[in-house]
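Before I ask anything, here is the structure I am working with.
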Amino acid sequence: MALSLFNILIFPGFLFLGVYSLAFEYIDRIIYARMQNRQGPPWFQPLADFLKLVGKETIIPEDADKNIFKALPIFAMAAVTAAFLYVPITGVNSLFPFEGDLIVVLYLLTIPTLTFFLAGWMSSSLYSTIGAVRAMTQLFSYEVPLFMALLAPAILAGTWSLSGIAAYYHANPLWILVNIPAFLVAIVAIQGKLERLPFDMPEAETELCAGTFTEYSGRLLAIFRMAIDAELVVVAAIVAAVFFPIFVANAWLGFLIFVIKTLVVAFILAIFRSVMARIRIEQMVIFCWKYLTPVALLQIVINIVIKGVL
Amino acid sequence: MAYPGKITKFAMGHLSKAPATRAFPLGELIITPHFRGKLVLKADDCIGCGLCERDCPAYAIKVENRGTKENKDFHVTLNLAHCIFCCQCMDSCRKGCLSYTPNVQLAGFNKDDLIVDLTEEWKAAQAVSAEEAPAEEAAVDEAKPEE
Amino acid sequence: MTAAQTQEQIIAKYPSLEGKVHIASDLRVWVDALPASEFEDLLAYVHDEMKYDFFHLVIGLDSGENLEFVYILSQWEAPADNEVLLLLKQYAPKSNPVIKSVSDRYANATWHERELVDLLGAIVEDLPPGLSYPLPDGWPEGNYPLRKDWKVEFFDPLTLTYNPPAPAEEKPEEGGAK
Amino acid sequence: MSKKVIVPIGPQHPALKEPACFSLTLEGEKVLSAVVGVGYNHRGLEKSCESRSYIQSLYIIERVCGICSHSHSTCFLQCAEELAGVEITRRAAYIRVLMGELERLHSHLLWLGVAAHLIGFDTLFCYAWRDRELVLDLLADLGGNRVNYGINTPGGVRRDVTPEQIQDILSTMDILDKQLAYYVELALGDTVLAARLANVGKLSKEECIHFGAVGPTARAAEVNYDIRKVGPTAAYAEIPFNVITDTHADVFGRTVVRVLEMVESVKMVRYAVANMPDGDILVKFPRKVPAGEVVSRYEAPRGEDVHYVKANGSEHPERVRVRAPSEANWHGMAHMIEGDYLADAPLIIAAIDPCYSCTDRAFVLNNNNTGEQQVFDWKQLRQYSIDFYKKEHGFDASKIKIAEKKHF
């Protein structure tokens, strides 16, 4: 009981997730900056930003529903934190593994996007509303390829549990090569999920101010920002667990490998972000359904065939 | 050939390069010697003709006689908040007693600090240099007013 | 079309303009100020027949009694170098400064003409509807900043009122924005 | 369902760093109609020139626009010099061209960065602005300031170019050559960039004529119109260069035109430096200018710049009128935005390289109806924040000491 509580609240739960997501944001920003030949922020910048936002005045629009407006950031943060508990960190096993947790994690990760939509819609401001609609449109285009890209390895592994998938590929590491198309699809779709360039239309600052978060300020915005950072960590951890099957039994070494793997994912995501221009929402829908989804479908077909042959 | 993410190789190359930006208050401030910053006045040469005041587009520089008609005491004041650093006054000055310095960090918390008396400033600088400088130079400086 | 040809052609059509069409510096043809009625004719001819179909801008002037308007035109299909600018002028009395909009011939004239309305108080007929430009909403009626008798130092930007001193008083010497 | 919403872009908006309001009527993401509202920030430059001498007016005119300051001051001086019957020396003309082309380089690099930023391509934005710094350093060294160089003066230029500066210019041009070759390749070869820029903000050749578009906006639609060719001033008649045109007639075309124009400008800078004649840089200019009126034109980075000066024989100009290039390009704006997507609107607006300060030049106004202004000074601001934290967080910040700035 005490250990579980420790696990949930401190490591690898809430507190670790918070610290690690701030570190992740820093890494993301510094790589982005260095690719642009800039100095980049100092190491404490994400924390300083967070604390500054926490200290700021929170302004709630008159027309907004106050309770929902205040609750949404917490929903987002809670969903992301809950999802983190089912992702393997120190080894093959996650904290509370069970058969089917992959689906649970994916659904928990959809909740932040839904809260973004609701946040935009509840703000009853023009820019937020347009951002909210865009977030929803985007959700429908990247969610399908992302799910399929993560389900394809699961089909091959014959389990719906993240820990199970990790264990399977740990035992048969060469099979991961089959999943390379799925990995590429996942990396692209994750950019959409995390609303990062080139898919950051919901909060395209040069078009919609801050999109869905236009009306958010102070500590509510701080929690939202934290949730987005944490989502980045969770998604990177899932990708690391599913597509990078390197695990060891030793907890400390396992944790180190986890950090390295997620950093690699963060690096790839940062490069992706640096070299692309933001595309239009209709271009994104077309791209996702025309290219990403067929590739993901093909991956599933391949995996089913392989599974059948085996 | 056209493909997405064409900048990738170029951008990755910059990971190993030193950044082009600097963290401003730290480190050195590099300003070209020809940069027009704050004005300084060589008050001894000033005859108070007011040509600088006439040509100043921002009405930033003022010449006033604080002494009497016989015993003139010209004071040149510069409002740094109005000054646009064009240095037209420098070109207009027949005596060449105005010059610029590369000093550009002029912001302050108080508006009154921005109105500077160039004559007083020059006198203060003279006093400091007279203290610090060797005796010979001080002698040269003192010799001038007597001429 | 060279400047000399332009001058010839205008004088050939309107003999009354003899001596009023000047060539300045080879690339500029100036036509002296005409009253609004004559100007309309000339503009129509210049646009339709002489193909001066590119409109650069219209400048409003306060010349004491009258308001003057300088129209700068050129030919779109001009030679690739040394293009001639034709500068037409019209005037309207300050008491009734009515001119006709040229926006039916030159679509880009609207904004420049709105500027005349706001800054000089010209009355431009047939001007397409649109936002006022460039003065802000709530600008007091009857204040035309570019008129010579309008002095910026008598305008109070906080209350948006223009308070000229009584005529007997001596005007302050100091001018310009502080 | 077709619900129409009106989205304001501006006067305060992250895409536009300057005040202008575009009311876009949207249906979904498509723009049905656009209303362009400018004129938020009038500075009364033309009126204030009337109460200043020619020398003073020059600096006012130079500040019409921060980016094309040299173009405006040169154009104004061309008027003044023609009125006074003064002809500048050839060396002065060459130095003006040199500055003008360096300015074009820095303006186009700035535009490239802004356009990249508006489509979220911050990496390109950072590179373009980094390279722009090189040009700005040159300009600061040559002129004395980064943007309002102040190198022009009635009758010539104020500063000569030294051999060391020429060395600097040439070495910077070598770096820029390499960078520009890369930008050309990138602009033409990145599919994501092309997808965002192509077929956006169309303005065909006929529409360009109809709306009176000038500069790169018009040249992108195959309009061969460049004041450096059609009405050459300064030393432009002596310097060989090509007028860049493009057939795309959209934002992509405008990008290509600007990028290739930079390559052309580098060549012109090299030519101007290599062929710079010897001689004086300044001829005497009278304080009182004889009566008359003159129209002068200059190819600013954004297009045709027209200045009109009327003199009345006194020290002050009677009337100055500035028609900045942006002012000519605004007319087609609503037409360009209509029918495109909301996401493209900022890009289309930026594609003419709008300069709000050029457009709004007429009057100083502090529109504050309450009649009371509350401008906090440093102490009040600090007190306010201390009170705020005390009230909201129960945290006393007044104990925190702040280092006072040292004055020079």
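Per-chain numbering from 1; labels A, B, C and D assigned in written order.
The definition used in the following text is that a contact is a pair of C-beta atoms (placed from the backbone, for glycine too) under 8 Å apart; a residue touches a chain by one contact, two chains touch by 3 or more.
None of the values given here were measured: they were computed from a predicted structure.
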Have a look at A-B versus A-D and report the one with more C-beta pairs in contact. A-D
Approximate Å spacing (C-alpha centroids) for the pair chain A, chain D: 41
Taking the mean of the CA coordinates per chain, how far is chain A from chain B in Å? 53
Inter-centroid spacing, chain D versus chain C (mean Cα positions, whole Å): 25
Whole-Å gap separating chain A and chain C, where each centre is the average of the chain's CA atoms: 61
Considering chain D alone, which of its residues make contact with at least two other chains? 52, 123-124, 130, 190, 192-193
Overlap residues in chain C, where contacts from two or more other chains coincide: 176
Where in chain A do residues touch at least two different other chains? 35-38, 274-276
Which chains are in touch, pair by pair? A-B, A-D, B-D, C-D
In their shared complex, chain A is touched by residues of chain D numbered 5, 7-8, 13-15, 26, 29, 116-127, 130, 190, 192-193, 195-196, 341-346, 388-389, 392-393
Write out the stretch or stretches of chain A touching chain B in their complex. 31, 33-40, 271-272, 274-276
In the complex with chain D, residue positions of chain C that touch it: 24-25, 27-28, 30, 53-57, 59, 61-62, 70, 72, 76, 78-83, 85, 87, 106-108, 110-112, 115, 118-119, 131-136, 138, 145-146, 152, 157-160, 175-177
Within the complex, which stretch of chain D touches chain C? 35-40, 42, 44, 46-48, 51-52, 82, 209-212, 224, 229-232, 293-295, 297, 304, 306, 308, 310, 319, 321, 323, 327-328, 330-331, 359-369, 371, 373
Which residues of chain A touch chain D once you look at their complex with the stated criterion? 32, 35-38, 55, 57, 126-127, 129-130, 197-198, 200-201, 204-207, 209, 274-283
